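What follows is subunit A paired twice: with subunit B in the first complex and subunit C in the second.
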Partner chain A sequence: MELLLEVFLFSIPLIILSWALPKRFVLLSQIIITGAFILYKSPISFLILTFISFGNFYLLHKSNLKNSIKIGISLVVLILLIASAKLLFSIHDHWIIPLGMSYYIFRNIHYTIEYYKGKILNESILFYLAYNFFLPVLIIGPINRYHEFVKDWQRRRFNSEYFSAGLQRILYGVSKVMIVGNYLLTAKGAVFISDIDDSHAWLKAYLETIESVLNAYFQFAGYSDIAIGISLFLGYRIMDNFNYPFLASNMQEFWSKYHMSLSAFCRDYIYTPIASFYRKPLLGIIATMIIIGLWHEISFSFLIWGALQAIGIILSSFFKASSDSFIRKNLGRIFVLNYFSLSSVVIHYDELAQALHVYKVLFFLN
Partner chain B sequence: MNIIEVLERAKSYPKRLFAVLHDGETVTYGDLLSRVDKLSLIFDGLGLKEGDKIVLSTNDKLSVAEITIAAYRYGLTVILSDPNAKAERMHSIIHSATPDAFFIDSALKEGWRIQDVNCIEIKKANEGKKTLFKKIFSQASPSHENRETSDHSYPACLSVLTNVAPKYPKTLDPSCVAYMMYTSGSTSDPKGVVISHKNLFVHLETLMNVYGFEEGVNILNLLNLYHTDGINQGPMLALYSGGTWFSPFKLDTARLDLIYYAIYKYKITHLFVAPTLLSFFEKYHENFEDSFQTPDFKFAISVAAYLDERLWHSVSTIFKIQIVNIYGLTETVTGSIFCGPGSETFKIGTIGKPVDCSIKIINEEGKEVSRGERGELLLKGDHIMVGYFNNPEATDKVLIDGWLYSGDIALQDDEGFVKIVGRKKSMINSGGFRVQPEEIEEIMLKVNEIDECKVIGLPDQILTERIVACIVLHADVKLTDVALFKFLRENLEPEKIPHEIHYLDAFPRGISGKVQVEKLKSLISEKHAGPIAKSEKALDTVISNAADIFRVEQKEISELSSTKTLSGWDSLSHLALITRLEQVFNIKFSTSDIMVMNSINAILKVINKKLK
Partner chain C sequence: MYRFLIAHFPNRIANIIIALWYLFLLILNLYSSISVEPQGAFRYVGW
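What follows is the complex of A and B.
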């Protein structure tokens, strides 16, 4: 909550200056305010992001190395950085990994690969810094794309519709976080569940499982709405991160609607290269989902979680071609909610043994 | 409405924007009216009177618009002359038109060797860009010397005029000539299209009605202001409809992103384009497909050249927009026959139906043909030009009993839609410019080494037609392309320079000894048929395999289909297609190849590279 308030606090001067200053100073003001925010919240993250921004830009655009070497260095450094950070700072140790790092490393990997594909049309250190130092999406995404960011900047104008849409998104976001997540699910729902008599162990475990998944979803979707809302206030349309994922009727569809910016990133930069290199789509799916798991945290639990998502998607491909009847669709939805919730049990507990215990309860193995 | 009424109406909205130009320079209707008033005093000072002619030629877009409008109000005839015109052509125009004054860029005065005393030089100072310090330290008033020169330079000459009553006639005769445009004809026989106030304003009314213009239209028109679609469908149409004309940057096919950005940024409602630009849109649209999906945008209007049916469909589909087509000639102000925006006149592949004019299609004997039969298209209406200036012979050839002979071969289908199927005249339509081949031939024949020359237009995907020069050299002489192009660049406007030059031993001739143009065309086309056919075969193979894998009809896929525009092209089927193509072509794609292969075009490129 504190972090959210601070983001709002820094966003106010950001928004005012972005419309009050002459256009040529706007990006600079965004970079400075965002820089000040990270420096205040997480000096180490500020140092890393500054290093990456200047280093990657210099490497790709200014150095005289061969293209393949440039790309190689850039990707190796970025991947090493994120992997070592994930190994050093684990969520369960109550360490916070350098603020926003998971997101900005992926943004930079995206930039490097697009550069390799020859798709970076507007190379400018100012754009690049502004893309990296963009407060609304810095902490919890979405992993927005560079060309979309530049496009929105180039065509940016004062648009009152963006303001009303932005305000609406922020209100939705705050409601999801505060009312649905914090109040209904955590304060009321969790208390209700914990009050259930222990003689109904299965029901209790099941409801807890569903509650934690829905809570995580509403919190995350809420923060994404806020990020998109603040961006709209600044005149940028940032890609959506969730599109009613629990209305999906199979796991493949679910992953095209859940944390969309991450899943689209992984589709473009992990699935496609791996699947095409080995000519094996299944391998691509498994590798992609495991990396999505490890992106959250490098641990055995997340490895299993990723593998379970892959299995879910592969299973769904068997049912894909069959008819789309009303009953089938809704059965599919029930399956998706349960499959995702049950597969997520493995990441809800610090110890794998605890998760195993819950599984035993849920599957009547006690 | 005539020019007087239009300007009178504009007085009610002085704060509204008339134009948005380079570097965000904005001009309100109030600014425009004030300049029109002041210009009347400048015209008066030059001793000009109603009916006199002025040559207007400058690279400054705003000056073109405001001087033209002011001249109309004063009753002057504007000879709109492209600043790219070469001195020789200009001299022939000046000789033919006998202008009374010049409003031209300083550089042109030298380049065209204009001696006339009645010459105002257009010089734009960057006043707006003065820094704060320069403003503080610059002299408060211009020195006496500066004032002397400012009398003959525009817009500096306006700054000395404050609070003086304008001097222009109270009424204007509708038959008074508004402008003359020298579009075609050779140097020895220039043809200046004469358009009267009646022609112009009647047609502006038609345009406004057809497009359904309401208050607050924002027109993006970057076309050349010395061509009718630039000036008349840009600043003039904005003025007539009380809208705003946007031309905030130079048209540059390498910077299409500027156009895409502008649609949202400036709340553009209507975009005017030539088909050539649309083919660039078709080629370069990745990540810009949503550019026209704004609450304000209505439709694009294709002008100046024939719009190919395939291109029409393709661009409409990619951007999800309606493209309205307008058919007309310089001789008809701009239009006559409109395809869209209303559904009753909209049929892709045709030029639609005539509005505010009559048409007929006649055969060689001069008889009107029945529906479905081909013949020459004739047009009649209040917007048809007065004639060619001082050239009754040329006028009589095309204007008979009020009917304008368009030179285009057309047919009318059962529902009344008109379709252009060929051309009678030798005119080449290249990149939105109408080019008279005789004019190029005349220049080419000045090269000593050239014995004979024939310029033809051949179909081209991007340019509509490309200009091809076929030449026969004198015996035992040599001519290099470099030397020839150097000469052509010095003597022809950029849009008239041939795209290809072919050296032949002799031209195919008929019994009468006349060059057989059609035979020459097929001769040259055959020369180029080889490589195109090969790549077309690869394209067919890719498309048929893609259609099979994506489970869509073959006709739904074109060279420009991409993962973004084609349903069924998801990441799984992508891989299936790649694997299939590897087998079919017996090649192997690398991972990096596959990552960029996200459109049929990109796939073809990679395949062609591999096959080499």
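What follows is the complex of A and C.
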């Protein structure tokens, strides 16, 4: 919550200046305030982001290298950076991932690939820096797209509807974090579950599983809402990150509604190339979901989690409902909540042995 | 929600309902923030 308050604090001058300054200074003010925020919170992240921003821009737009070599260097450096940070996080207990790195590296990979496709026509370093140093989405996403960011900037004008929509979004976001996540699920729900007698081990393990998944969802969706709300205050419409995922009736639909900016990124840059090159959609699904798992953390637990998500999607494509009946839809929803919760047990515990113990309880193997 | 209210109630009633709803959320947020220890960043988000 402290981090959230600091984001709000830095957002106030950001919003005021973005409407008070002449347009030519607005992007610069956004870059400076966001830079000051990240320098204050995480100097190492500031250095990495600055290095990536200037390095990638110079490499792609100013160097005389062949296009394929430029793209290769850019992607290898970005992937090595994120992979080494995540690996260090898995190996060393004291290492923390530099603030927002998981998100800004993916934004830059997106930029590089779009440049390769010839879709980056605007070669302004100011836009690129503003895209990278954009406070609302910097620390927790969504992984917004460069074109949309530039388009919003070009269309940007003072609109009171954006302000009311932004305020509503922030209120809903804070409510998801504070009321549902912190109060109902953590303070009340978790305490209620821990008070359950050990003789009801199955019920306890099951409720803990559901509670931790719902808690993660509400916290994450809440922070995403806040990021989208602050962006609206600045005049940008950032893509949604969640669209009622637990109302999905199969795992395929679930992953098109859950962490949408990441799943859309992986669909565009991992699934589509693999599925179309090898003509094997299943291979695309497995690779995509494993990478989504490893994006969270490079560990065996997340590898298994990713594979389980892939299995869920593949199974759902076999059992796709021919009719959209009410009962079938709701049975599907129950399946989605349970499948996702049960598959997430593997990432909720530091040790795999603990997760295995919970699985034994849940499947009556004790 | 606002669109639903506007479609089904007179404007003034819809505005009052939505204002009360926001007020209710604000009060609940304040109550939650003073009665619950803030949670730290959780690893799922990848901070």
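Just so we're on the same page, the second predicted complex is superposed on the first by the 360 of 366 C-alpha atoms of A that agree within 3 Å, B and C clash if a C-alpha of one lies under 4 Å from a C-alpha of the other, contacts with A are read in each partner's own complex, and residues count from 1 in each chain.
As a convention for this text, contacts are C-beta pairs under 8 Å (C-beta built on N, C-alpha and C of every residue); 3 or more make two chains touch, one makes a residue touch a chain.
Computed from a predicted structure; not experimentally measured.
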| item | value |
| --- | --- |
| Which of subunit B and subunit C A:Asp324 touches, first, second, both or neither | neither |
| Which superposed partner A:His147 touches (first subunit B, second subunit C, both, neither) | first |
| Partner chain(s) touched by A:Glu297 [first = subunit B, second = subunit C, both, neither] | second |
| First, second, both or neither for A:Phe220, with subunit B first and subunit C second | second |
| Subunit B versus subunit C as contact partner of A:Asp198, first or second or both or neither | neither |
| Those residues of subunit A which subunit B touches in one complex and subunit C touches in the other | none |
| Residues of subunit C that touch subunit A when the two form their complex | 22, 25-26, 28-29, 31-33, 35-39, 41-47 |
| Subunit C-touching residues of subunit A, taken from the complex the two chains share | 1-3, 96-97, 99-100, 102, 139-140, 168, 171-172, 174-175, 178-179, 181-183, 186-187, 216, 219-220, 223, 295-297, 347 |
| Footprint of subunit A on subunit B - complex, ascending | 257, 260-267, 286-288, 295, 571-572, 574-575, 578-579, 589, 591-592, 594-596 |
| Subunit A to subunit B touching residues, read off their complex | 113, 116-119, 121, 147-148, 151, 154-157, 161, 267, 271-273, 275-277, 279, 281, 284, 317 |
